[in-house]
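Labels run A, B and C following the written order; every chain starts at residue 1.
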Amino acid sequence: MKQLIDFRSFYAGIWKENPIFFIMLGLCPLLAVSASLKDALGMGAAFMFVLAGSNITVSCIRRWVPSHIRIPVFIVVIATFVTVVDYSMAAFLPPLHRNLGVYLPLMVVNCILLGRAEAFASKNNIINSALDGLGMGLGFTLAILVIAAIREIPGQGTVFGINILGKNYTPFLIMIMPPGAFLVIGFLMALKNRIGRKNKC
Amino acid sequence: MLNQSNIGLIFLSAFLVNNILLIRFLGLCSFIGISTHLRSSVGMGMAVVFVTVMACSISWAVYDYLLIPFHLEYLRTAAFILTIASFVQFEEIIIRKKVPALYKAFGIYLPLITTNCAILASAFLGIDYKLSFIQNLVFAFGISFGYCFIIILFASIRERVDSAPIPASFRGVPIAFILTGLMSLAFMGFKGLFRL
Amino acid sequence: MNKKEIITGIVVLLLVSLLSGYLLSWLYGATRPRIDEQKKIEAARINREIFPEAASFSDVTSEDSMTFVKVFNAEGNAVGRVFDIFPAGYGGPIEAKVGIDKELRVKGARILSHTETPGLGSKITGMGFLDQFKEKAGTSLYLKKDNPEGTVDAITGATISSRAVADGIRKLQEKLSGAEK
């Protein structure tokens, strides 16, 4: 039964169907920007904006888009929002924009964006599509923040740039370099599997 | 900006030193999913090389001859992704007609490539580094060969690993990531190989 | 797919693309001035760090394959120039700004971007390292271990990065001294 305002998708996006841990889509930008919490938050916020925005737009125009042309149309919508975020960030938050680098425009091929537009936004009303976008975006942001915390605290001794482990702390450098990212996510996935299995019993 | 215009070094840098998968983290979704079997990895690797080189060249041309003259550089995100998607579509049709054997070899990986971030990234980086057409071509070759090399290497490892006693929680994706981490560690040794 | 479907498909796609293009061009117009402004502010900020007495700068000039801005003090006199250099570091090109005063000595240096090893080569951005270049010229700009007349201490465990910066600064200074002669 389709309700007018349905929060189920919102909650699902955060936990049960968290895009990173459970559907494992959109990994590329995740590992690249999770070396620092600030960048992770920036990327997460940008992602949420694009996902919510494109979901809303797709939902608005869903009645007028013929089925056989929908994928290219969705791609154009997503690319538009990504470009909006790209240039807005360059204008108002240049340091963040520089840190995110090429991974920001790369969001356009993030499978989650196209996936949600296709699977949800094209079939539901505007409000629910917005909620879905926000929920999934929030889930993505939370996941990326968790990974960033695990990497930044030992790897730089800071939280959002604020030193919390003291001046004499020798950073555990591998955490902020590529191998560290892979190892962290590998262990997190294993942890998720373990929790999943325990719950099944 | 690359202050090294030597073609060989551009290739080596894209292939090894800044390997697209292990150092730049791009192209991971398909990588993790497909590297479970050697045969599919070879197919994907070949497809990636082919599409990357062609799509990057076309994107470069689109940027230089279409976007810049009309001062439309800000449309590059949309333009590139549409170029790549159209090229893949177009070329799938042609290959199916002209070289069916090749089409069978690529399998389902050809359409899947559109969402491969590595390809779009190569297109972007070629522009960001201000490469000439030939340099861009070599750069695209380097990146895609890097992908192909790693995915084949990785698939071989994974096939062995699957028969090893791994704790249940780690089986499948987690151990794949940890393996990738170890390979990435090894590849970091290439840093500083030459000044690029 | 019959003809009607193809045509509606193309029309819809075209409409969406045009709308998106229109929106983006508006956005571009709105943000471009601000982006350029930010770049100028950032560059001016760094230039001021190098030349504390700076009151104004010329526009970016390119001469003899070197890019620089002229620095003027409050009275409007030229006090020096700030150059952009791109020495090849360990992990890739390093972007740096070097201030040269009127006596052709190094006024100061700042690192803008680099891809050196975090924790080791990344220390080249620290003032502890960069302050060593102040008021020096010629062969004193070598690393101590590279030349008996050198006065620059390399960063422990980051010789290549340190050397890249020192050599980059020295080459610039030598080129200017040579050109002036």
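Operating definition for what follows: a residue touches a chain if its C-beta (ideal position, glycine included) is under 8 Å from a C-beta of that chain, and two chains touch if they have at least 3 such contacts.
A quick note: this is a predicted structure, and the numbers were derived from the prediction, not measured.
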Checklist entry - Out of A-B and A-C, which chain pair has the most contact pairs? => result A-B
Item to check | Centroid-based (C-alpha) most distant chain relative to chain B | outcome: C
Checklist entry - Once you find the CA centre of chain A and the CA centre of chain C, what distance in Å lies between them? => result 32
Next on the checklist: With centres defined as the mean C-alpha position, give me the chain A-chain B separation in Å.
Outcome noted: 22
Item to check | In chain B, residues with contacts to at least two other chains | outcome: 74-75, 78
Next on the checklist: Going by the contact rule already set, what residues in chain A reach two or more other chains?
Outcome noted: 72, 76, 79-80, 83, 87, 177
Checklist entry - Which chain C residues reach two or more other chains? => result 17, 20, 24, 27-28
Checklist entry - Which chain B residues qualify as touching chain C in the complex? => result 1-4, 72, 74-75, 78, 191-192, 195-196
Checklist outcome for this item: chain C residues touching chain A in their complex are 1, 5, 8-10, 12-13, 16-17, 20, 23-24, 27-28, 31, 34-35, 38-39, 42, 113, 118-119
Next on the checklist: Going by the contact rule set out above, which residues of chain A touch chain C in the complex?
Outcome noted: 61, 64-66, 68-69, 72-73, 76-77, 79-80, 83-84, 87-88, 90-92, 94, 98, 171, 173, 176-177
Checklist entry - Any idea which chain A residues touch chain B in the complex? => result 24-32, 72, 75-76, 79-80, 82-83, 86-87, 102, 105-106, 108-111, 114, 174, 177-183, 185-187, 189-191, 193-194, 197
Next on the checklist: Considering only the defined contacts, which chain B positions touch chain A in the complex?
Outcome noted: 22-29, 32, 74-78, 81-82, 85, 114-117, 120-121, 124-125, 128, 167-171, 173-178, 180-182, 184-185, 188
